[in-house]
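Common to both upcoming complexes is chain A, partnered first by chain B, then by chain C.
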Partner chain A sequence: MSKYFQLAKITFEEYLAYRLNFILWRFRSLITFLTPFFFWLAIYGGQEELLGYQKTQMITYVVGVVFLRSIILASRSTDLAGQIRSGELTKIIIAPWEVFSYYFTRDVVDKVLNVFFAVLEMATVLLVFEFPLYFPKNLETYLYFFLIIVLAIFLYFFLSLIISLTGFWTEDVWATRWLFGIIFLEFFAGAFFPLDILPFWLQKIIYLTPFPYLVFYPLKIWLGQISGLMAIKAILICFGWLGFFYWLTRFLWQKGIKNYGAYGG
Partner chain B sequence: MALIEVRNLKKYYQVYQKEPGLKGSIKSLFSRKYEEVKAVDDISFNIEEGELVGFIGPNGAGKTTVLKCLSGLLYPTSGFVSVLGFSPSQRKIDFLRQISLIMGQKSQLWWDLPPLETFKLNKEIYEVSNEEYQRNLRKLVNLLEVEDILKVQVRKLSLGQRMKCELIAALLYSPKVIFLDEPTIGLDVVMQKKIRDFIKEYNQRYKATIILTSHYMGDVKELCRRVIIIDKGKLVFDNQLSEITQKYSNHKLISVILTRKIDPKFLGSIAKIKEFNYPKLVYSVRRNEIPQITAKILEKLPVTDLNIEEPAIEDIIRGLFTGKNYV
Partner chain C sequence: MVLMEDRKKFSIFNFQFPKLLKVWLLISSRAAQDQLLTGWSGILFLVGKFIRFLLFFVFLFAVLSESESLADFNREEIILFFLIFNLVDIMVQFLFRGVYQFRQLVVSGSYDLDLLKPLPSFFRPVFGWTDILDGITLIPLWVYFFWFILTNDLLIRGENLVLFLLLFLNSLFLAFAFHLFACSVCVLTTEIDHLIWVYRDLVNMARFPTDIYSKGVRLVLTFIIPAVVLITVPAKALLGILSWQGMALSLVITSVFLWGSLKFWRYALRRYASASS
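== the complex of A and B ==
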């Protein structure tokens, strides 16, 4: 365990090595937070309800997306693709540790930093604009929310690794990452807007994919729009997807590593 | 059983050939011609515990590929490899903990942080106790004279400084098997010597098994009794270094210091001249002709000094790689 702890420490130090970079990174995330916030405030205008969402709920959704983005979608497993290409992966696989744990540890540090600052920034903005957020009333909801978030963190981790793993076979990982990472993943996950404002037929298709479990379902649970048995069902399906993608990641890793050329040097 | 066993190791790559230029790039979008490169082609050898073996060969001979197969980075196309009783490509934790791969051209240090951070991380990864860590670190740091750079960002170090830190990071945990790929690259002569001495001592003290590749014959000559020569993926020689001379050179060198200038034509009539730079003259002579030719030289030339020597190993190996025996 202590090796991963030391790795976490060193990753943390890496972030702080470049001050300007760090400040700009936070600035960028503040902007990405403010944009949808003001966008939805403008759309609602004086109205209290729109598209089946009350103003408070929608603002909560948007703020929730920022929070989940920082805790679920933020990921260092992206690095893997570049490391395969440059041969830098060598230094990781030659050391006696679990490769997936290596990336997960780096991810955790990324998330901790992200969450810390995201909460700080969100709190500031919300206090300045004095906007009330929606908080669930029963304890059960918090439990479901927590559970599905833990599953979603792992689910995204493996999804992101799988995209990176394609680097073993193709050099065009960036195209894949754009198509799946941004378009499908973030759109289908509900990171741009709640999925249930889309046409019904499109919703049906999206619900068949694993993506809504990353952002949309957790927030629906938080908002109390999915509860009880429905929430448990969502958690179980998410669990199923997680199992599948864990298996797929291992499978692709074992195939891919045989293809690895360990270039350079 | 030998510590390292390699039998019929083959590693073939598929590489696609791209014609130069934009046109070639576009063409390669639609159809790619793949070619098989035999990086390692049916190589077998054994290495016993505590041996220090030199791997030599021209660029692209397959040295590094063999090292990568031995350290588990590459999956062999076919053949059997065993190191410390493990199959390297499975990369078991217990295996990885006991080996070290140092590549002169590939850094394992963390680029944005001082080397000390990498050392601390390696201490944890390889589960080194505090005392051992302190002891090893102190010894290595003193030996390689790097006290003053331990807290400087790695990317700000010179190549030589970085190389020294690579060595420290790779040896902190006292690995049993060490693969050294060009360890003295970019170092000045004094430091090369130091690192050689260090490797030699490390090998003797810890009974560590070391395989070394180098472009510098000096490294190999000074460190390795046994050498393995690889060329175009094939093993061409595996024996004591001194045997190279026996096997590949049936000639010796007679070097002579002349007292006055002589017509080069006349000099050439005695034996084959390898080198003439007045007053020094070097003949290359078949071993069995040495007595007669020596007598002839002493009789016909004004000589103040005469030596009979084995040809330089560098020359023999160069001859080997260019396809002809050393003459």
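== the complex of A and C ==
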């Protein structure tokens, strides 16, 4: 256990080594929060309700996206692809690490830093603009929200690892990640806008993918826009996806590692 | 010494232009060969670009379904703003992709070799890579853009189109200035990625007419990261609603940014550490 603690400590120190990089990273994070915030404020104008969302709910959705990006979508498992291609993975597999635990430990540090600063930045902005957020009234909602977030953290971790594992077979890792890990993920997860403002036929297609369980469903639960039964259904489906991607990650890892050339290693 | 040479070579705007164009074409040809070498990767990128464009378009329609107009612009005009945003943004990515690779040149010290070449010192940092996939995306986008403005009667007078094209060019100069500024910061600090993404995130706010935002936000988008000049001004020129003051201000802003960026670039270059030496 202590070796993973040491790894977490080193990862933390890595972040603080390049201070300007760190400051600009946070500044960018703030900008990615402010742009949709101002956009939706402008779109609502004087109106209180639009596209099935109260103004407060939409702002809560925007804030929620920033929070979930920090805790779910922030990840270091993206490094794996490059390490496979460069042969740097050799250093990790010959060391006494369990590979998935290695990446998950680094993920946790990334998430802790992200959440800490994101909450601080959002709180400052919301205090300056004196904007109220929507908070659920039922205790079960908090429980459902917590459960789906925990599942989503692991779901994204395995999803991201699978994209990285394609590095065992192809050099086009960046193209794969860009399409599946950025474009599909950001749009289909609901990280740009709530999915239920899209046409119904498109929503039906998107709901067949695992992406909405990462951002959209957790926020629908928080906003109280789906019933308790639907929330449980969403949690169970998310659990199903998690089981599938966990199996797929193990399977691809076992196949891929036999294919690993350890270039430069 | 490098800077003195640079002053002589810094003639992109006069007689050296044909030579620079030839070098740029060579660089673009190499970049195209590299990108098309792995066809699968190219297809994935093109599919992603198309899906992103399509989904934002669907989103735009979803937002407009609730209100027929936004900040006094009707549905067709708002789509026009969105199209012009895409034209400017993709054109900038197409031309100035080199910026995304500049950090590696600085960190490795390979940029030393570029400084020895008879080219302006900023040429490789900014124009060192051309994204041919963005170039491919631009062709159908320009065709659709012209089809859209003609079928929706958005082009009232021919002069508006000429003015639009001139201000579109002005946008490219402004974007160049910002990219050069980012390269200067990179020379001084080896940091560039986050800065470029801050620029892109803020420019993304101009997908919609910037008139919808509050005064404070508009000021930031005019004078700090001038997304207004990049996108809103050419769009308004095409619609024939741009005042001469607005046009003059946009030209002044571009000139100031360009002058400031070149000055800052020279300052940064004097402090280039040449990491490999």
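Quick note on the criterion: the second predicted complex is superposed on the first by the 264 of 265 C-alpha atoms of A that agree within 3 Å, B and C clash if a C-alpha of one lies under 4 Å from a C-alpha of the other, contacts with A are read in each partner's own complex, and residues count from 1 in each chain.
In the analysis below, contacts are C-beta pairs under 8 Å (C-beta built on N, C-alpha and C of every residue); 3 or more make two chains touch, one makes a residue touch a chain.
Just so it is clear, the model here is predicted, and its values are computed rather than measured.
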item: Chain A residues touched - chain C or chain B, whichever exceeds; value: C
item: First (chain B), second (chain C), both or neither touched by A:261; value: first
item: First, second, both or neither for A:97, with chain B first and chain C second; value: first
item: Partner chain in contact with A:38 - chain B first, chain C second, else both or neither; value: second
item: First, second, both or neither for A:6, with chain B first and chain C second; value: first
item: Chain B versus chain C as contact partner of A:18, first or second or both or neither; value: both
item: Shared chain A surface residues [contacts with chain B and with chain C]; value: 18
item: Complex contacts: residues of chain B adjacent to chain A; value: 13, 64, 68, 71-75, 91, 93-97, 101, 103-108, 110, 112-113, 117, 120-121, 123-127, 153, 181
item: Residues of chain A that touch chain B when the two form their complex; value: 2-3, 5-7, 10, 13-14, 17-18, 87, 90-91, 93-97, 257-258, 260-262, 264-265
item: Contact footprint of chain A on chain C as seen in their complex; value: 38, 40-42, 44-45, 47-48, 51-52, 55, 58-59, 62-63, 66-67, 70, 189, 191, 194-195, 197-198, 201-202, 204-205, 208, 212-214, 217
item: Chain A residues within the chain C interface of the complex; value: 18, 20-21, 24-25, 27-28, 31-32, 35, 38-39, 41-43, 45, 50-51, 170-172, 174-176, 178-179, 182-184, 187, 192-193, 197-199, 202
